[in-house]
Structure formats: C-alpha cells, structure tokens
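I have placed the structure first, in the form of structure tokens, so that the comments after it can refer back to it.
Labels for the chains are A, B, C and D, by order of writing; each one numbers its residues from 1.
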Amino acid sequence: MDMLYNILIDPFVQMVDAPDFLIQVVWEGFVAGVLYALIALGFVLIYKASGVFNFAQGIMVVFAGLSLVGLHEKGVPAWLALILAIGIMAILAVCIEKFVMRPLVGQPDIILLMATIGMTYFLIGLGEVIFGGEPKQMITSELGLPTGSTAFEMGERGLVILQHIDIAAAVIALLMVGGLAVFFNRTRIGRALRAVADDHTAALSVGISLNQIWAIVWFAAGIVALATGIMWGARSDVSFALEIVALKALPVLILGGFTSIPGAIIGGLIIGIGEKIGEIYWGSLVGGGIESWLAYVIALIFLLFRPQGLFGEKIIERI
Amino acid sequence: MFYREAGQYKTSYAADQQIFPIRQDRIGIAVILVIALLLPLAASEFMLSAIAIPFLVLALATIGLNILTGYAGQLSLGTGAFMGVGAYSCYKLVTIFPEVNVIVHILLSGTFAAAAGVVFGLPSLRIKGLYLAVTTLAAQFFLEWCFIRIPWLYNYNSSGAIEVPGREVFGTLITGPAASGTARYYVVLAIVVVMTLLIKNLIRGRVGRQWMMIRDMDIAAELMGVRPLIAKLSAFAVSSYVCGVAGAMFVFFYLGASEPAVFSITLSFQVLFMAIIGGLGSLVGSFFGAAFIWILPILLRVGLPALGVDVAAETVFQVAQMVIGALIIFFLIVEPHGLARLWAIGKEKLRVWPFPYA
Amino acid sequence: MRMRTLLAGSVLVGLAASFAAPALAEDSVYIQLPTYRTGPYAGSGIHIANGMSDYLAMINERDGGVNGVKIAFDECETGYDTQKGVECYEQAKAKNTLVFNPWSTGITLQVIPKSSVDKIPVLSMAYGLSAAADGNTFPWVFNPPDTYWDGLSAIIKYIGDQEGGMEGLKGKKIGYIFLDAGYGREPIPLLDNLAQKYGFEVLQYPVPGKEMQNQSSQWLSIRRDRPDYVVMWGWGAMNPTAVKEAVKNRFDMSKFIGVWWAGGDEDARAGGAGAKGYKSVSFNNVGADYPALQDIKKLVVDAGKSHTPANTVGENLYNRGVVNAVYMVEAIRIAQEMTGKKVINAEDMRVGLENLKIDEARLEAIGLKGMIAPIEITCANHSGHHSLFIQEWDGEKWTPATDWFSPMTEEVTPILMQASKDYATSNAPWPTREDACPAN
Amino acid sequence: MNAFVDPVGMAGHSGLTKGEVLLRVDNVSLSFGGVKAITNISFDILKGEVRAIIGPNGAGKTSMLNVINGFYHPQEGTITWRGQVRRKMRPYEAASHGIARTFQNVALFKGMTTLDNIMTGRGLKMNKNFFWQCLHWGPALNEEIEHRRKVEEIIDFLEIQAIRKTPVGRLPYGLQKRVELARALAMEPELLLLDEPMAGMNLEEKEDMSRFILDVNQQFGTTIALIEHDMGVVMDLSDRVVVLDYGRKIADGPPEEVQSNQDVIDAYLGVPH
C-alpha cells in the first residue's frame, strides 16, 4: 500500500507542493534535452544524407571541443581558435569522406556503422596524442558566452535559477535547427542533399556529386558537434568522458526517427525532461541513479507501440 | 598443389555433410588442436594468463554474439551485460552450492543469461535493425545497474565486487588465484572446443537454417513455416547462453575477481568488433576476430617498447588504439565480410595454386 | 617483402625478450607503475602518474637510487580499465616487479587474491579494499595511510566540530553523493552506523559512471532535500562536474566536503570563483616548497627528464603521487636494512612495507617535513588510521582548514575487522598468514 | 496448428480427390489505410488444377496471393480451405497447412547455398529436438540425411545438381527462380502459389520453367495457382483463369473464354473506365 502510494501519489504531491522546484526540474530537463537533441542532430544529418549511423558523433563532439580549447591554450585568441576549430572539422569531414565513406559506398548499414566505430577508436587515440588526456576547461567567457545566472523568487522559499549559458545553449540550438532547415529547403546544396537522401543512384544520375555532398554533410555534423562540445563543455568540462554522454542521443534517435530533424529536437526534449522527472520523483524509490537506463527504457516502450518512431510513417511490409 | 580435394569422393550424404569434408582441412584442424594442447609446455605464464585464456573466452563470446547477429541477423549491443548475467549467476551458484563441480556451475550459469536474453529479446518481434540495437542497449544499461544495485548478487560484499573462490576438479585446482595458468587454460580450451562443436552442429541443422532464414528474409521465412517468435527467441536464448558461459569463464578463469564495470558497454563493443572483423556468420571468423582485437593490441603495447621504440606508456596505448581503429576501417574497406572471407578466398586461391585459374 | 620479414622477425625477438625477465643490472630493482593518462579518469590519473615517476627519477638522479641500487621503473597504461589492469599485472609479474600499485579500486580487487599466490605486495595507497588493512588476513596488501572508512569518519568528525560537537549532528541531514561503483558504495555501511549513533540522516545520491558529466538530477535532488552538508566520493571527470553543479545550484561550498580523491586542483578550479570554500579531507599538503619537491623540479622537471608541466608540481594530486613513491622508496630502504641485501625481491619488499616507519626525523631527512604526517605500518595493521586534515579551496589553491587530527579509529576498527573476516570466509579457503602477527 | 502436420512425409495432404474445391475465396476485400487493394473478390481453386490469376499491373494479384497464404488479413470476406472456413491465420500456419509459394522478386535466403535453401523447405517436416540437433548424431543425423535424400530428388528433377553448393546470391536470375521453385517443392505442398515464375526469363528458360510447372502438376498432383504476364504461357498452362483489374474480378473461366471477354480486352488495352 505504501509502495503504491509512493509510486502513484507521492511524486505528484511533491510536484504540487513545490512548483518552483518542478519548474527547475523541467528546465534542467529541457536544457539537457536540447543538448541531447544537438548530438542527435549530428546523427540525423549524416544518416539522412548517407544512411550511415555515425557512431563517431560523440567523439567528434569531444574532438571539436578539444581543438577549440587546445588551440586557445596554445595562445591562439578565442575567436581565431573558434575559426580554426571549424577549419579542423572541415578537414576532418573531407578526410572521412575521402578515406572512409568513398571506399565503403554501397556497403550494408552495419559495415558503415562499424567503420564509424573504427573512426571513434582512431579519433580517441589521435585526440589523446595531440591534446593529452587531461580534461580542459571550456573557454566560456573568452568566447563571449554568458556565464552568470538569474534567479527568480517564487513564493516564500521558492527559487528558480536559470543559468545564462543554458539559455544560450537553447538559443544556439534553435538557431542551428532553423539554419539547417533553411539550408535544407532553400539552398541548392540543401535540395541536392535531400535528393541524395531519397535515392543515391537517382541523385547521381541527375548530376549530383555524392562525394561533395557527403563532405558537406560531415562538415555540417562537425559544426553541430562543435556547438555541442562548447555547450556541454561549459556545463562540465571538455574531456574524453564526454564521449559517453553522446550515447544518450541513441534513445533520442529511436524516439524521433533517424531521419527527422524535428524528431531529434522533440525526441531530445522528451528524453531530457522525462528522465529528469523520472530520476528525481521516482528514482529514489529504487535507490536513484536510474538515469543511466531510463531513457532507453522509455524509448523501448515507445517503440513497442510505434515501431516507426515519432515521425516515421507507418511501415507496410511488402513482398 | 597440396591443398586440393581432387580424388576425395564422397559416397554417402553423411560423408558429404561433415564439418570438414576436405582431408587437408581435417589434418589442419588436428594440427591446430595438437598445438593448442601442447601450448602450455612452451608458453610463459603471461602468454597463457593474459593472452591465450582471454582470447579463447572472448572467441566463445564472439561465437555467442555471432549466433544472434551473424546467423539470426539481430544486432545486439548487450553482449557485455549477458556475459555479466552469466558471471554473476555462476558466482551465486558457486557460493550457494559449493560442493558441486564448478564446471557444472559454469555451464548452468548460461541458462540464466539465456533467460535474460529471451526477456530482452522479446522486443525483437516488433523492432528491427538499428532500432533493435538501441533497445538492446536498454538491456545493457539496466543489467549493469542491477549488478551494482542488487547486493545479493555479490553476497553483500562491502567492496561490491565478486571474487572467485578456489575450486578443484579431479584434485586439481582450476579456479581461484592459486590455480595454475595451465590448469585454467586446459579447462577453458576444453569448454570452448566442445561448445564450438555443438554450435557448429546446431547451425548446420534445422535450427541454424531457421535462424539464417530469419536473417536473410524474415517475411519469406515466415511464409515457409518458420515461427518468428520461436526462431528469434531461440537465437536470443542460445546466443545469451553462450555469452553467459563465456562471461562466467571470463571471471572464473581469467579475471579472478570482478566488479560491474567489467561488463560495461565497452565489453559489448569489443565483442561486436570481434564478430564483425572476424566475419559475421562465421565460426572460424569468431576466432580470427578475437585474435585480432585481443592479441594485436597486446602485441603492439608489448612489442613497440620491446623493439626499442622508446615512447611513453600512454603513447603506446594511444597509438595502439589509433592503429586498431585504422585497421578496422582498412579491413572493412578491403573485405567487408571480415577475416573469415579473406580466409575463404585464400583457401580458394590455394586450391588452384600455382595456377591463377582452375 | 624482405623489409616485412625483417620487421616481423624483430617484433618476435622483441616480444620474446619482453616476456622474459629483464636482465637486471647488478644494482637495480624493478617497479612497474600502472598508470592511466588516457580515458575518462585521466584527469586525475595524469598528476598521480607524474608525481610517482618524477620522485623515483629524482631518487635515481640525486642519490643514484636507494643505497646505490637504482630503481628501474616503467609505466603500464591501464586506462582505468580492469582488463588492461590485469594485463599490466601479468606483465609486471613476468618482469619481477617489487610492488604493484593498481591505482584503481577495480584493479586492486582483481589482484588482491592473486598477490598472495604470486607473492607480490600490493600497495593501494588510501584506496582499494578497506578491509585489507587487516594485516593478519591480507599479509600482501597495504593501504596506508588511511582507509575510506577512516576518511569518512574524519569528515563526520569535522562536521561534528563545525556543529559544536558530535551531539550537534543530531537531526542534521548529510547528503552523500558518490560514484555508483564499489568505490563509492564502500563507505555506506559506516555512514549508516554513524548516522544511527549520532542521530543524523543520510541521503544518498548515486552518480552512475556513465553519467559522471551529467549530474543535474543529483544536484536538483540535493537542492530539493536541502541537506546540511554534502559529502562526495568522486573520481575523474565526476569531480569537476559536481563542483560546477554545486556552484550552479548555489549550494554552500563550505559545507561540501570531498574525500581525498575529490581534492584535485583541477576539480576545484572547474567551479571558478564560486568554488571557494570547497573542502576535501587530505593526508598530504600542497605546495612545491619542500626540499624534495625542489629537487624534483631541479633535477627532473627543469632538466627536461619528465613531461610534467612545471606549474603542476606541488598540486594536490601530484604531491600524492610523490607520497606513493616515497612509501615505495622508504620500504625498499627498510627492506634493505632488514634483509641485509642490496638488491631485494618482492618478498623482501613486503617485509619492508610491513615495517614501514617514517617519523618526523626521517621526513626531515627526506625533505618532506610538514607535507605528510609521520606514518607507521605494523604487521597487524596495514593501514594505520593515520592523522588527516581538512583542506579548503581558496579560489586559487588548497589551504589547510584544520590541523592534523585522527579519524574515529574506534568506529572504524570493528567494521574493518568484520569486513576482513567476511572476505576471508566468502573466499574460503583463504590462505592464512604463515607468520602470525604478534598480538599487541 | 500442428494438426495437419504429418511428420513422416506427405504432409498436409487432405485426401481430396481431383476436381474437388480445395480453396474458396468469398467476397474478400483488402485495403491499406484508405487505399483499396482488393474489392469483393470471389473465386475458387480446384484440387489438381492449374489456376492462373492475371491482370494488369496494380490489379491486386500479388495482394491476392498474400491474402491466401496469410500474409495479409482481409478486412472483409472469408477463405475456405479444404472445406474449413479460415479465420485469421499467420503465414507459418498456412505453410504448415500445405500452402507454399514463390515470389515476384526472388526471395531466396541469400546467405545460404542452394542446397541449404532447398533444405529450408523441409523444416516443417523435421522434428528432432534441440539436443539431438546440438549433437548432430543419431536420430538428428538420420533425419538430416533422410531429408537430404528428398532434396536431392528435387535437385535432380529441376536439373540443378551443378549449383548445389553455390551460395544463391551468386546465381543468375533464371537459376534463382528455379531454386526458389525447388524450395517450394521441398515443402511438398498441396497448393503451390507461383508469383510470376517466368518474369525476366528468356524464351529457353521460360520453356524449361513451363515444363517443370506442368511436370509438378501432373507427376505430383500439386494444385498450382500462378500469376503470370506472358499470355502465351498462361493460355498453355492453365486450366482456368481469373482476371483482376483495379482490385476487382472482371472475368473467370477457361483460357479461351477469358481471352475473348470484352472486359479483359479493355482492361489490357487500357480503355478508360
């Protein structure tokens, strides 16, 4: 009886009792969700254009963040370091296209997935050789990002604290999504990209260069990775442990669908907010720490009812 | 010239269906087995304990994953957790029934992993491909959490770890810290060889064909009378059983003690690599893959400094990691179907050697 | 083709050579240092590794080794991964290391059962299995100067002092945020005991290893529960994230106390100005003004014989790495005295460690007076419940916030003995000590 | 579901005599979302005959086969199989009831050899349990060899001995079609559904295939329902023809009769509706 009360009633009582705290929890979930969504966005971009499930997105986040901070540590001014980091992501994109994607064109999904895992290994090693293994502080203020926080008083003891960097993260994420939407729908390259996504061979036959498109897509994913690296780095620090956080994008992806940009955003928010609320209001019932698997279970249950994901079309099997 | 099957006629279907229909292959496998049997005479303790034993155990785990992914076509990222289920159940069995032969426990522990595999395999009836892979991560992380959170599993040890007690079989200590590398090696070798053989049989019979039908074209398979529920879940069960046994052996014959972090996603990936680099859907490939992913980095780490390349330990480690990453990509480009396919191509070439075409 | 054969051949020769025991020169001993300069825990591991190897290098440079016996040492990268750790151990065994320092609780747990069989002492300085302090049960394992239980009791004692005595703890809420692994879970039984005894409430906030950099849930819960103090058992990337989150959630930093492994300079620095007041319990002082550290700077770091950045010499984790090396060097010295041999082996090393005694005079001679408290290991007690102190982050560096004080030995000892007994029974037949310790 | 399985050999055969109704489709309708694939179709298949289903592209022919072997479940109408009205039925149940088929786009198991592909057709008739399977010895081995013998008979019948151990992915299209037929025959079905068995074949291959189909029908007495575009083949092979257009039945009867039906001619020539 007590247990039922704890599961079914008590969490809601808590929520009503401390609405300020609930708002804070939802906000934290929202910010985490935005960051998950950013990582997921990188996956989606590449999957859309090349059908590759890019496992290396996580390490690309780390790599991008490390390049930025590492260059700054070497005495490069922040703005120049940012430009150089973007440049490094461009070089990386070209290399990946030339040395990995091009030779593997037309291989089954799982082979391409494995290749990206191979890339992950390579980049971890490379990153550690170049930048060393110790975590680095994100150069938040040097990049002109806000660092303070604003607190809103609510009621007697109520308090909602909003970190400026989190607000910035949300704004940047929004801008990136908007920018990508414009890029996909309004530019020539964007249209070519969508054509490639629909059918590689058909795209080739109308004179679209796959190699060029892929390099551009990987570059776009690299920029998304850089943004993610900066934002997440500002929340904790830039280190190789960050790579593990990227795994969180996977449930987001199956929720939102591998090919849908709005799906990535909404999936990210559902997972972000869902797991925070779950952990804080229900997690303590089983000793806490359930965040490590809650997102996957949410996604799994969801998939059982809707195997095609949030934005996917209903699958009609044919033979 | 030497590797040629000309003149070897099969006069019965039974003879035609042997695992090694070609005489030279039979000789080859016999030689390998003899070498494996004699290895402890020549090898150092380090080679046995740090290379040979984990190699064999991981090869078995790879075979387990290969059943699921290579033969039944269901991608799984939860291998590490299923190995963990095997290891923890074996630990519980050994501590609850100390008088029973530890090898019995190890073989039994797989059934618990099989049960876990079936439960987490249920979504495979509705979910396919990469989506399924992500859902197996739910198994990975949930089970990992259980290994930490259910103190009963590690007998309430304050350290949260499980330690392998010493157990004897036929008067020889085979587990625990005092067991010699040689004893542990022979037990591992025996279990791995026997299980590989049994699985080979399973795969070339009706059950294996059902799995491959589901893999190659699940709809057609169903139209031909395969029940997806049974075929998929049996693949999950057998695969997890094998992984569970491998997990139990990993702790009992290699690590000697273990904490939950051992069965993390890293292990799952490691085994997946072995399966893919070796070649999905190939048993011999599982051994190749395990050798590539397990032995090569050790050779690099031990070998580079020994060559007189004077670099810091972590650099060797990092370079080894880069080399492995690059080699994975290289092999995928050269032969996406893994080392097993390279091996098969090599054998075909050898059959007609010294002529380029037959 | 010839090139390839040549290469393959030389690899094989090299391998064969490396598997064989290294041909030691007459006057040197070998120590393998398992370290991790890569992976999620590298942030903490690098400084430790630097401190250890620099001190050993300095001893070789300045004194030509210990009593003329050079210390040959090399690192083995574990990446904090147990599989690699076991590999390093097997390698170290093959190369006849004097002592094995796992630097990871997981690896320590793996090697403890093997150590007594292989006769290699395991030195797990203030980590690993707390129960191993019982020298009667664990003759081959050493965890000086203190166990986690000592550390926790010291923190509680300190909190009690802040509240005007232990009775002030009554009705207080103490939050415990920890890495959700054996390491973080070990202190919980003692924490519960103490809570019962002193009437405070314990709130647990586990941080899964995968979520080290994503702690907002834990800190939101802390904000909701408003504990009076928060105690942290963290390592690697978990620490800086926790400090940042604490600052973000406006937790009173002076009431946030970490274990010694949560006291890295970079851990605290991550919180920026807001981290001022963050505390951690410690058994070594920071700073590079000690003569021994000056020697390291002069002979090793500035001489370009190490990749340590000069500004990190004297940081908390670096100095702790030095302490670990000091224990080893002193143990070698004592072993030499006791056995009369110059070149000792691992079994002699165990004797050295078991009789390790560094008093004030010796500290003075080493050139580390004031950095650490005197220490003494006995046959029965391999840890020693030595004095600790609380240090505080002043925004730039760590400064002592208290004097040295001793942990609650009387609370720790029973739970420690019980744990050691449990370990031996659950791992029966656990080898008994051949030369029983004299009863004291 | 195993009621019909006869482990010894001639599984699933009902004992109906030639000319009796084996399967009847009554008023079947099928739609996906709002799209109607089949509207109110009724026809029957008699034991021992060759029944053709023809019609222009998109007429719902393949959907009809899919309904018959349980892959799609019609929203309306019933299917009577051997005199029993069938409710919802899973494809594997249809298979165990003696319905086998081939596919429009070859649906062989690409990772397996010809021999293994055909052996899969014997799966329903093999029943040695898991543990014998692991040992691959004694009863399991005998079973395997017994079925191998059957499969070898089919291999001889379809003249594909030379490709026995070739992975099917490497075979040319015509041979793949033949292996697929072999696989279906290995099931010893009572009703064999062939979805465009001659699509993409050259004249010679078509002749071979026609010969095999007739032989199967005459030698084994297997009832055959086939979809085919080549009118010549249809007219030569089939006893009766049912014509579909836009999901509706527009004609049903012997080939000559259907051939002269005005609706059929219009459908094929594309007279606007």
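As a convention for this text, a contact is a pair of C-beta atoms (placed from the backbone, for glycine too) under 8 Å apart; a residue touches a chain by one contact, two chains touch by 3 or more.
Computed from a prediction, not measured in an experiment: that's the story for all the values here.
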Lowest number of touching-chain links that must be crossed from chain A to chain B: 1
Where chain A and chain C overlap in contact partners, by chain label: B
Most central chain, Cα average position: B
B-C or B-D, whichever has more C-beta pairs in contact: B-C
Interchain centroid distance [CA atoms averaged], chain B/chain C, Å: 36
Whole-Å gap separating chain B and chain D, where each centre is the average of the chain's CA atoms: 40
Where chain A and chain D are represented by their mean Cα positions, the distance between them in whole Å: 49
Centre distance in Å when chain C and chain D are each reduced to the mean of their C-alpha atoms: 72
Residues of chain A engaged with two or more neighbouring chains: 124, 128, 133, 247, 287, 289, 292, 319
Overlap residues in chain D, where contacts from two or more other chains coincide: 71, 103, 107
Contacts with 2+ other chains: residues of chain B: 141, 145, 148, 219-220, 223, 265, 314, 318
List of chain A residues in touch with chain B within their complex: 53, 99-100, 103-104, 107-111, 113-115, 117-126, 128-129, 133, 247, 250-251, 253-254, 258, 286-287, 289-290, 292-293, 296-297, 299-300, 303-304, 307, 309, 317, 319
Of all residues in chain A, those that touch chain C in their complex: 18, 21, 24-25, 28, 31-32, 124, 128, 132-135, 137, 147, 149, 151, 161, 163, 232, 235-237, 239-242, 244-245, 247-248, 275-276, 279-280, 283-284, 287-289, 291-292
Contact set on chain C toward chain B in their complex: 10-11, 14-15, 17-20, 35-38, 74-77, 79, 81-83, 86-87, 90-91, 93-94, 105-106, 109-110, 112-114, 116-118, 129-131, 180-182, 185-186, 189, 208-210, 307, 419, 422-423, 426-429, 431
Complex interface listing, chain B residues touching chain A: 75, 123, 126-131, 134-135, 137-138, 141-142, 144-145, 148-149, 219-220, 223, 265, 269, 272-273, 276, 280, 314-315, 318-329, 332-333, 336
Chain D residues within the chain B interface of the complex: 69, 71, 90-92, 94-96, 100-101, 103, 107-112, 116, 119-124, 126, 128, 130, 133-137, 140-141, 144-145, 148-149, 152, 183, 187
